[in-house]
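Which chain is which? They are A, B and C, in the order written, and residues in each are numbered from 1.
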Amino acid sequence: MKRATKLRILVLVGGVALVELLCRVGVIGAFTMIPPSQMATSLWRLIVTGQVHNDMVRTLTAVVIALGSSVLVGAAAGSAIHALPRVRRTVDPLLAAYYSVPVFVFYPMFIVMFGLNDIPKIVIGFLYAVAAMTINTLNGLDRVAPVYRKTSRVFRMGPAATAFKVVLPCAAPYLFTGIKLAVAYSFIGVVGSEFILSTGGLGYKIGWAYNDFNNQTMYGLILFILGITMLVNMSLHAWEKVLLARRGLQ
Amino acid sequence: MSDGHVVLKGVTRTFARSGQQPLHALGPVDLSLRAGEFFAVVGPSGCGKSTLLDVIAGLSAASEGEVRINGVPVHGAVPEGVGVVFQDDASFPWLTVYDNIAFGLRRRGTSAAETQERVAHALALMGLSDFATAYPAQLSGGMRQRVCIARTLVLEPKLILLDEPFGALDQQTRLLMGDELLNLWRQTGATVLLITHALDEAAMLSDRVGVMSSRPGRFLEIVETNWPSDRDSTIVSSDGFGRITSRLWSLLRGESLKAMQIEKRAK
Amino acid sequence: MSGRVAGTFFGSRLFDFLVFAAVFLALWQLAHEWGGDVAMTTPLDTLTFSVRTLFSAEFWPHAYATMRAFFIALILASSAGVLVGAVLGFHRLSGEVSEPILVAVYSIPKVTLYPIILLFFGVGMAAEVAFGALHGIIPIILFTMNAVRNIKPVYIKTARVLQLEPWTLLRTVLLPATLPEVFTGLRVGFSLTLIGTLLSEMFGSRSGIGFQLMNAIGLHNMDIIMSLTFLLVAFAGTANALMLLVDHRLHRRV
């Protein structure tokens, strides 16, 4: 194991241990934060008693739908924009400024359009993630060097074969980066909506627990969300590194 | 003249440009390549050498004139039996060396057994047998070009076009690759068109050298080398070699100066 | 118009942008037709309401509250972010240890951390500033760290040959070399800090534009929602566009 990895583990374990100590000793009051060990046991209890089962399913389902749709639409949009240089010229600055817009504010509009169900928060997750996927698809297609397309013509390949056998594998690592970001943004959009706009699911439960002065439940749930998102994101990041290393890009 | 393997008659290529005069990049060019000959093209930068290769290969359609390969017209689509090696590394980074070389065979639907046999042969020929499972990112520039050449040759094309294939390599590697290219040429009996900016390379490898003018490129002269077919890179020490390279340079010197003027004016 | 001038206009970026804007406004209007005033207001109504808002008395105290929290958060995030990023960039080991941690924090829904911030800072501007700064500081650190790491060694070598003093080295070599990427980080940090500040106001605040938005959402007052959103987007979009121009200029120099 590399030296940096060892140090990092040390730093993280040390940090958690420090927080644990400060909580136990009382420097950090129980009303502010409970010790990390209690966070873990609380989460365990929540899972085992099935209290948060429905919320977990609800949140994760919404995330998966937002993710799937944003990846497909983002890849398609990126491919289409890439093929139309004039459209791209117009759309590029808008994509660059996309994340300066607080997408959450469109939530009431979506309630009216889709009803008071889970669809609005899925749409918000989708809107967050789709831009990242589009931008990275464009980036990936940019990186397909002209010589590859020329080579596919020398092999007398038609447009479909060129797209699937040459362009797609060539752009794949960058598409994967887009998917990785789409996962993160889907979580952020869905959980953020649940939290701020109180629409059920884990995010909502956290806000509810906060307002109810229920630190045990609140921290248990926060731990769960942090744990899941970090686990998923770090796995995808590690996989991405393998893909890029094979290409000599890292 | 008209029954050569590759025949060009009055070929020109112009590119339309928005808001400007169209760019006259090439021609008019007349050329006839004998079957099985090794023909090199030299010329100042920007003269249209790569455009010429694109037009012959069918990657680009001639604006005027016609290109025929074995009597069949070529216009904007790559015909069968043509192999191209580009200056930029075109090896597919997502495939192993083996899969790269097998790519064209698999597209043709060649059986697995025959594919394996022919790929193994190509690997041995290019000295890549130890690297069959490696990815191009793990190889040097010279080896990646060998992968590209192997990938082209394994399909046994009758016409091989090379666009400055050794441009990114150091001089020693270039000379050795030149020897390898001659070996392959003799073994396959294909017609070879090599574009290069290195006069010594052109003089050493080819039966004839076409010298192009500055843009728009036309052939100023075609220099015959009269080398024996069993030549290799040691030919550089013969008397004829010096004479040929100096003839090439005397033709090119004026054109290269002109090309620099054109580029300066364009800025 | 003569043929050539018409030709250049129809091929120009201005034309493309106008077409895009026209299509966008048309879609907006259509959405209004489909959903009615309950779903969204028309482009024209949104514009008039926004102008009215700008001239109303209630708007400006809230705008001031938001801007105050936002700018303090931005200054904090920028200064701390650039400093920490530079340190992590120069000291390789620290950078290597920290980077995965920072990337992991970047990708979590930070909204879930907001209750923790509220518990530590209490409800009020301090929590809003902290939350906003938390959003913005991470990309600034990451971009700065990368910029410092990517300083070409040949620049340092040249500076040593020229025997530059540390301050001159910083001013004439290191700063210009890292500026483009650091600026991109600041641009991203700007947008994220704004979103963080707004989000914090939307959950637990009694003032600010975020608070006004939550109020309007609760009362289902589409006029206010649309006009506030429009003003926010106009502000964020314009700021971002200006920064993009600078960004492009800086990157072209390199």
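In this section, contacts are C-beta pairs under 8 Å (C-beta built on N, C-alpha and C of every residue); 3 or more make two chains touch, one makes a residue touch a chain.
If you're wondering where the values come from, they're calculated on a predicted model, not measured in any experiment.
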Chain whose Cα centroid lies at the greatest distance from that of chain A: B
Pair of chains whose C-beta contact count is the highest in the structure: A-C
Centre distance in Å when chain A and chain C are each reduced to the mean of their C-alpha atoms: 19
Gap in Å, rounded to a whole number, between the CA centres of chain B and chain A: 48
Distance from chain C to chain B - Cα centre to Cα centre, in angstrom: 51
Touching residues (chain side chain B, partner chain A) in the complex: 57, 59, 77-78, 80, 82-84, 86, 88-90, 92-95, 103-104, 107, 135-138
Residue ranges of chain C touching chain A (in the complex, touch as defined): 13, 16-17, 19-20, 35, 38-40, 93, 96-98, 100-101, 103-104, 106-116, 118-120, 188, 190-192, 194-195, 198-199, 202-203, 213-214, 216-217, 220, 222, 225, 228-229, 232-233, 236-237, 239-241, 244
Complex contacts: residues of chain A adjacent to chain B: 145, 147-148, 150-151, 153-157, 161, 166, 169-170, 172, 246-249
In the complex with chain C, residue positions of chain A that touch it: 3-4, 7-8, 11-12, 31-33, 86-87, 89-91, 93, 96-97, 99-102, 104-109, 112-113, 184, 187-188, 191-192, 195-197, 203, 206-207, 209-210, 215, 218, 221-222, 225-226, 229-230, 233-234, 237
